[in-house]
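When the chains are written out, they are named A, B and C in that same order, and each has its own residue count from 1.
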Amino acid sequence: MTAVAIGRAADGVRRRNAVLLVVLLAALLAAPWLVNDYLLTVMIVILYSAFTGQAWNIMMGFAGQLSLGHALYAGLGAYVSAVLFTKFGIDPWLGFLVSVPVAALSGAIIGFLAFRFGVSGVYFAILTIAFAEFARIGFDHLSLVNAAAGLFLPVAQYGHNDLLRLRGDPTMFYYVILAATVVAFALCRFLIGSRIGYYWLAIREDEQAARSAGIDTFRCKMYAVTISAAITSFAGVFYAFFYNNLFPEQVFGIGRSIEMILGPVIGGVGTLFGPILGSFLLTGLAETLDSALAAAGLDVPGAKEVFYGVCLLIVIVALPDGVWPPLARRLGLDKDKR
Amino acid sequence: MTSLLSLDRVSKRFRGLVAVDAVSFAVPEGGIFAVIGPNGAGKTTLFNMIAGAMAPDAGSIAFAGAPIAGLMPDAVCRRGVARTFQLVRPFPALSVEDNVIVGALLRRRDVDAARERAHALLRRFDLFDRCRQPASSLTLPDRKRLEVVRALATEPKLLLLDEMLAGLRPTEIDRMVAILRELNSESGLTILLIEHVMRAVMALASRVLVLDHGTVIAEGAPEAVVRDPAVVRSYLGAETL
Amino acid sequence: MTFDVYLNVAVAGILTGLVYGLMALGLSVIFGVVRVINFAHGEMMSIAMFLAVVLFSAFHLDPLIMLLPIAAVMFVFGYVLQAGLINPFMTRPEHSQFLLLVAVGIIIVNVLLIVFGPDARTVQTSYAYDSFQLGPVLVDASKAYAGVAAIVFAAGLFAFFRFSLVGKAIRACADNYTGALVVGLNVNRLYALSFALGTACVGAAGSMMTLIVDVTPNLGPTYTLLAFVIVITGGLGSMAGALLGGVLIGLTEALAGLLFTPSAKSMFAFAILVLVLLFRPQGLFSKRAT
């Protein structure tokens, strides 16, 4: 192939990618007019999962650091903004400005300890779980946040949308999480195409070789964990104001962390579209299953989770790179950045 | 000529076993310097200490006049020392192009500028056709070349090559030797290599150091070294001559 | 509080810790030989616990008597799981194996939830409220039986690895994979066997544990984490370390529960884990430096 031909092929891929993005975005923007309230809530759950998946993907998919404690960052975001709102009357967007540094700092502390002391691979994963569990038990005994009894926010008034206070109907929440997902997507796309993105991928592939190529791997990994934690904290703010109740068990539990990784693992770790596709597939199918069971008059707690587990199992066994990479090849959208 | 890299009584031991024992030598700026010796002589350990992969137990290493012993590998690389690994380690899932861009980004913050630099190097090493392939799909000779290209992309003053020619076919070796000579004469790149392929050592090196059991047993011009009785006895064997 | 109270709680903690140790021993065997991070370990233990509960409530079979049959069932389960599902993953990257077992764990927890519901179940043996007076110490009978059974089971496993031919072959396989292949050992079968032995340990431990705690489906992840805390504290891959680690964590939890509040007890276990990971990653009871 000549340089020109390579360039042309890349242009074609780029154009098809752009078309896909525009079509997807248009459909998502129009969704509130096309679907009923129940489906809109499902869409919110899907986008929430896509958003957290993208944030986690920076750690694992880009920099190769397996975090299984990401619930910590979302939980801190949720609790910080909720406490500021309920106890001090501070609006969520201002609270968000506090949540971000809190989550980023805790990510940085965990990263610093792990990377300085050479805790890597599965040991790193277990360390991240340990810190999330630490937070769960700690918040279970913290009276400022009503401990295990749960922290409640005044329920939103459907009739009046107040974007500044994040109080309103599902349509407002839908657009908020859609905007956040778009911003996260754009940010990931920018990061992976920049110097730090190349460095992360090098570290993911072979840390020792990366160091020999002059990369300060400690600093790069610190960026990854800090940025990922900061983005994840917004998911927590959203969670708090959408669900209006926070329990340490639910917010910081290991199950929550694992839910966050399902979308990207199923869609394709390290890809830009993977976390989004994975969330649509997984949550979409699970909700369909749920409503099918409900329609049949069955209430089976655990059925959705078994479905998650089976999906995860099938994808790991049959499509180790996730659903997106083979799909992208089929659609001629290959060079979606590795 | 001034020396770019100089080692002064550098030693390293592993649990009582002395791998490198008070080795001193100097690599002149712009030279091609070869380290030879039988397996287990301590060559790779020596390399690892220069490249920062391990710190020496004793002695000092100076690069361009500044001490570098004990620095981390990335810091050593930023000073201008690039290395290849004996068992090649390109970033397997990244494309050939991206592998080199990673190296080129060390001296260029801008990705497009780094890509340009990467393309120029890949063309020179006949790898440009494989730009978009993942590095894992390359053959061993291509992967070895890719590793040299990635190292060169960091714009080193000194290139460390660890058995770069082992396992290559004679035509491949000749091609690589020609490229390395060219790099050396054109840009004044200093090269320090560990090599078993004596033909290449003779063709490339202006100076040769022979290690055996962690100590220097000979050093000098290649023609002189291969005639040194101690070298013949311990390493080359009579039949090579 | 008097010294006696501390002593009682400490003894109870050590006895519970022995059962923890047996559970962690299973994880350690699996990691030490098969090199797979079994992230469904606690979930497998909860299968054994429900087996014990069902056998007790349906047939009044005592969990201590059912310990061996349940271990045998779990042995088969582990063998099939390793041979059928995990073995093809042996050459996959670490995180891929890890996620596979996360998936297995999710499925186990929620199948148990669907079958048994979320409510706690208990095993009310005739000796549930018995206790022994040993000098100043009052020992809970259930815990004493469970602790002793854990020691016996672990001793049996140690003897197996030390003296039996298969046990030696497994150790050889763990020490040197290629060497084991070269001398003609069927490595895949030995891996399946080791995984099966690991799950047999959780089978036995789970059966005993029903004497000590109430059984619910969501105990699984908690025990998985606990098992990891213990083996990392004791030294991943070290069998004696797992047992000692279990005792240490059991003791820590018991004393923390007494001094602070029982619900915060695992915080101390996690604190130990973090300190060990940072400062002594090879484990407290392992001489080998990593």
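By definition in this document, contacts are C-beta pairs under 8 Å (C-beta built on N, C-alpha and C of every residue); 3 or more make two chains touch, one makes a residue touch a chain.
These figures come from a predicted structure and were not determined experimentally.
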State the chain with the largest centre-to-centre distance from subunit C, centres being mean CA positions.
B
Quick one: which pair of chains has the most contacts?
A-C
Subunit B and subunit C, separation of their C-alpha mean positions in angstrom
50
In whole angstrom, how far does the Cα centroid of subunit A sit from the Cα centroid of subunit C?
33
Between subunit A and subunit B, the Cα-mean centres are separated in Å by 43
Subunit B residues touching subunit A in their complex are 51, 53, 72-74, 77-78, 82-83, 85, 89-95, 98, 101-103, 105-106, 109, 111, 114, 119, 128-129, 131-132, 150-151, 154
Residue set of subunit A touching subunit B in the complex reads 1, 3, 6, 193-195, 198-199, 201-202, 205-206, 208-217, 335, 338
Partner subunit C, residues of subunit A touching it in the complex
60, 66, 113, 117-119, 121-123, 125-127, 129-131, 133-134, 137-138, 140-141, 148, 254-255, 258, 261, 265, 300-303, 305-306, 308-310, 312-313, 316-317, 320
Across the complex, what residues on subunit C touch subunit A?
37, 85, 88, 92, 94-96, 98-100, 102-107, 109-111, 113-114, 118, 217, 221, 225, 228-229, 232, 261, 263-264, 266-267, 270-271, 273-274, 277-279, 281
